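Take a look at the structures below.
Below are two complexes that have chain A in common, paired first with chain B and then with chain C.
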Partner chain A sequence: MSTLPAVSPPRQEGRLRSLGDFYVTTMRTQIQAQFQYRAATYMYLLGMVAEPVIYLVVWSTIADQSGGTVGGLTAGQFAAYYIVWTLVRTMNIVFTPYGWEWRIREGELSGQLLRPLHPIHYDIAGFAGEKIPWLLYYLPIAVVLTLVFDPTFDVRPVEIVVFAVAIWGAYLIRTFNQSALGLVTFWTTRVGALFSLYIVLELLLAGRLVPLTLLPGWAQALSWLLPFRWTFYFPIETLVGDLSNAELVVGLGMQVLWTVVGIGIFSLVWRRAIRRYTAVGN
Partner chain B sequence: MTTIRIALLHLRVGLMNDLQYRVNFALQVLQSLLAVATGLIVFSLVFSHTTELNGWTQSELLALLGVQAIMAGVIHSVIQPNMMRLTEDVRDGKLDHALTKPVDSQALVSVREVQLWQAVDIPIGAVLIGVALARIGGDIGVLDALAFAFALALGAVVLYCFWLVLATGSFWVVHMWFLPELFEGIFQTGRWPVGIYPDWLRFGITFLVPIAFAITVPAEAVTSRLDWQTLGFTALFTVGALAVSRWFWRFGLTRYTGASA
Partner chain C sequence: MTEPAVRVEDLAKVFEVPEREAGLRAATRGLVRRKTREVRAVDGISFQIAPGEIVGFLGPNGAGKTTTLKMLSGLLYVTDGEARVLGHVPSKRERDFLRRISLVMGNRNQLQWDLPALDSFELNRSIYRIPREDFLAMRDELIELLEVGDLVRKPVRQLSLGERMKVEIVGALLHRPQVLFLDEPTIGLDVTMQKRIREFVAEYRRRHGATVMLTSHYMADVEALCERVIVIHHGRILFDGDLAGLANTVAAWKTIAVVVGNGAGDLSAYGDVIHRDGDLVTLRVAKGETARVTARLLAEQDVLDLNVEDPPIEDVIELVFAREAVE
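Let's turn to the complex of A and B:
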């Protein structure tokens, strides 16, 4: 690289434009691919919906038992929380460390390294494209859940706008965290145990199991220091909670911060990891 | 008799294969313990806001979690690997290898795979049940223990039948990669007593997806709240499930065309 002359501005512009083209094309391809396997994707989504429905039922039961509210939340607010949860979960699905494990162990990475773009671009664009059909699949699920569980919503227009941005922030943060975790496979060949630990932290500190306000005080404080909070709780709360404009801005800022940190960690590990990569054959 | 011998032989080969990878055992234990820890944390969160859930105390729910862990161990070590291999063989047209053997095809496709380390959930579940019983106090009679063992066995059979019906679907639907996700999602409902769910869902996870029979009933036996009618009905349901899943398997087989034919 150092032998090349400095890149002039027009070329840079060209590169950005072709990167943009690449993203649009990859997303479009992925959308069409996803629409082919409607039944399979739907079954997958139904399995995923079980998680929030279970917790919704458990907490509604407790709310009913203790005179209408738990930790200040009514059954209707729990319903709203977990219905939006489902949408956020659909939108923040990323390429998992298991995917990286397979890619590295099987030598699949060899072909991807030969391409002109960093492999992560293919992941980000591909999974982003999938979101559009998945959003359509989510709508009937949301209608059914709304009819069954009777949620209470109180949404301001600005909150919808922030939500639309925040789900993409959540997607990027999870992408870089989980990809960095996946790179560990360069050293260990297996990532399952480490990934399980990551998921436990996420379940508890992202508000994936229960709204964070139900956690003990120290755990809530801890959630402010880690990225997880901004991948579930914040996007959900923009629609369900009663956040002020200042809190909305802080949330988006934290998402930017953790995305940048994620990119930093990922590129650092990537540079060290790629030197270790060996593949047999092909 | 021959079928049992073949099953044991497959089991032995599977065990010998898995015993080669001993680090995987440690990793699997770690993952199972993490899952249990998550379950316990959720319980402590729930019971920091209430003293009982639908008539179940924390210790009784711990027993339920133990039963769910045991069932998870059985499913992940023998049932799911065989059934997923079945769906893959149907898709790739490799089922011929099983069909042309002179043994019952359903028996053969149900015993070909075993993943030993996944079974660590079984002793972990047993420990959870032990702790739960110690905390509940009270006496567990011989009859209760027998009823519990019987209910557990019935539960495993019922879950096998359900998986067989799902996997047989691969004769019609080519892509079945979503099966583990779908089953896992539904299976998680078993961590809570079936009584807390709204009627339509309770009906679903009792009769359509037999989670209630497989998990709540054994847990009821071990917490002394099972009556004999329920156990009898579970036995009848299990026999029915065996018959229906076998019929469906044979019906699905008529659709199989193979790859080279």
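Let's turn to the complex of A and C:
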């Protein structure tokens, strides 16, 4: 062995700078991958539009038949709600518990565990990158929906700024919630049932199915105490509703709070879960 | 004294595996009471590997080779015992540790499937925080060594298995790991590609002084690369030493391949005839008898050609496992 060159550890860049570099590089890579399959992505996005369009048609019809409003919302406000809903939904898509289940069951996690960066960074950066082409694909859909359904918008500049921040807050809350759920796979191998329960709660208490103002008072009060509201209803309301500056700040604060709680729960479960990893499949 | 690159003491890994009979009745019973059994995949092994050493880790399927490599690379927590790699406890998966090792598994794709490998290399640069000039120098060196200049621009999904393996290796070594775990790196590749990968591993180790631990079912890999082998079976080490020593320890015989000019008659008086192909006869003789038998053959037969060889390594390994089964 004496003939071999002396080994010196490779040089490395500073941590913060390279974390930023990693996010930019991963996002760029994901954008390229999305453009590779633009037709498939567009079809996927069109499929996603079906859900809000159904809600929109139903509520607009009911509003028209009820003398113009339902629960104080006009057909134009419903249209605005579901058009923004589509954008929020597109932007808060995250790596799901099914993804974690696949990743753990197939041993795909091994490759990521071997790298000196927590796998959650790949998910955050990767899905964030995908959103840029999705946003481009969304724009013509929004134009068509606007022409067909004639939404009512009354937006202040500050609301646009808060919306731009809030959709990323929503993205982070959903990422950590669903990743923590995904880690349950380490114990149960399958996580589908739990995830279905999560989706039911989200449909009802996030404003995903109907605007929360149409729910009974107790359900609205409950939605304040859970993270779901801050992942759909709050970002939508920043553009569609009539929130005061104080309410906008409180909403962003709640997003920060639920992001921190999500990170805490995820980290706690992760530390226990990873000990159970058996690296099957490779 | 130099600290070993890899130090393993009484290392053990136990998996709890669910178990049930086939059929609906057993499945229903499993709803109420789950049956599991413990599998000791690795059962108290100890060894050390010096910096820069290249070691072959041999054993049949299920022997515990890959489990050991996974513990050493930090993928699995150990059940008992201790492992240290470059002074780190692998299961802690400290960044400084992960930046200095690499585990390459045959048939496992870690590159972006839809994009050219160059994009994945760029991603690895950011993950491993490699300064750009170091990255470009290393990337180009590896591309040149493995002759993959025209492959790295194609989407990975369009590469053949062998081509993909080569670009996988480039991706796994960009951060210049000091310890390299190779798990069946040549599996499924044709002989030319296997040879190319072998030459590359030897060259990488020579240039960068890396410590290499290699598992392979291809003895050609082991013979070409490894001075030392560790043989593992049922989670226990059966042999740890140099390759020639393994043959000496286990196989107390040599083979004599002899071509006889006057038509090979019955040569069983010289030793066990283990192969016959026309005039070529292969004899197995006790090690201590080799010189005497060779002299007799030369004196008594019309010998056109004669070769004395150690037994093939495959036979030696088989003998090790057979002996362990008897014991």
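As a working rule, the second predicted complex is superposed on the first by the 266 of 282 C-alpha atoms of A that agree within 3 Å, B and C clash if a C-alpha of one lies under 4 Å from a C-alpha of the other, contacts with A are read in each partner's own complex, and residues count from 1 in each chain.
The working rule: a contact is a pair of C-beta atoms (placed from the backbone, for glycine too) under 8 Å apart; a residue touches a chain by one contact, two chains touch by 3 or more.
Every value quoted in this text rests on a predicted model; they were computed, and no experiment measured them.
Undergrad: Which holds for A:Ala193: it touches chain B only (first), chain C only (second), both, or neither?
TA: first
Undergrad: Is A:Thr278 touching anything from chain B or chain C once the two structures are fitted on A? First, second, both or neither.
TA: second
Undergrad: Check whether A:Thr25 is in contact with chain B, with chain C, with both or with neither, and answer first, second, both or neither.
TA: second
Undergrad: Per the contact definition in the header, classify A:Leu215: touching chain B only (first), chain C only (second), both, or neither.
TA: first
Undergrad: Is A:Ala246 in contact with chain B, with chain C, with both, or with neither (first, second, both, neither)?
TA: A:Ala246 contacts neither chain B nor chain C.
Undergrad: Could you look at A:Val58 and tell me whether it touches chain B, chain C, both or neither (first, second, both, neither)?
TA: Only chain B; A:Val58 stays clear of chain C.
Undergrad: In the superposed arrangement, which partner chain does A:Met43 touch: chain B (first), chain C (second), both, or neither?
TA: Touch partner of A:Met43: chain B, not chain C.
Undergrad: Which partner does A:Gly71 reach: the first (chain B), the second (chain C), both, or neither?
TA: first
Undergrad: Chain A residues touched by both chain B and chain C?
TA: On chain A, the residues that contact chain B in one structure and chain C in the other are 37.
Undergrad: Using the touch definition from the top, list the residues of chain B that touch chain A in their complex.
TA: Within the complex, chain B contacts chain A at residues 24, 27, 30-31, 34-35, 37-38, 41-42, 45-46, 48-50, 53-54, 173, 175-179, 181-186, 188-189, 191-192, 196-198, 201.
Undergrad: What residues on chain A touch chain C, complex-wise?
TA: Going by the criterion above, the answer is residues 1, 4-7, 9-15, 18, 21-22, 24-26, 29, 32-33, 36-37, 110-111, 113-117, 275, 277-279, 282.
Undergrad: How about chain A: which of its residues touch chain B in the complex?
TA: Where chain A meets chain B, its residues are 37, 39-41, 43-44, 46-51, 53-54, 57-58, 61-62, 65-66, 70-71, 148, 190, 192-193, 196-197, 200, 203-204, 209-210, 214-216.
Undergrad: Can you list the chain C residues touching chain A in their complex?
TA: Contact set of chain C toward chain A: 15, 50-53, 70, 73-77, 93, 95-96, 98-103, 105, 107-108, 110, 112, 114-115, 119-120, 122-123, 125-131, 134, 155, 175-176, 178, 205-210.
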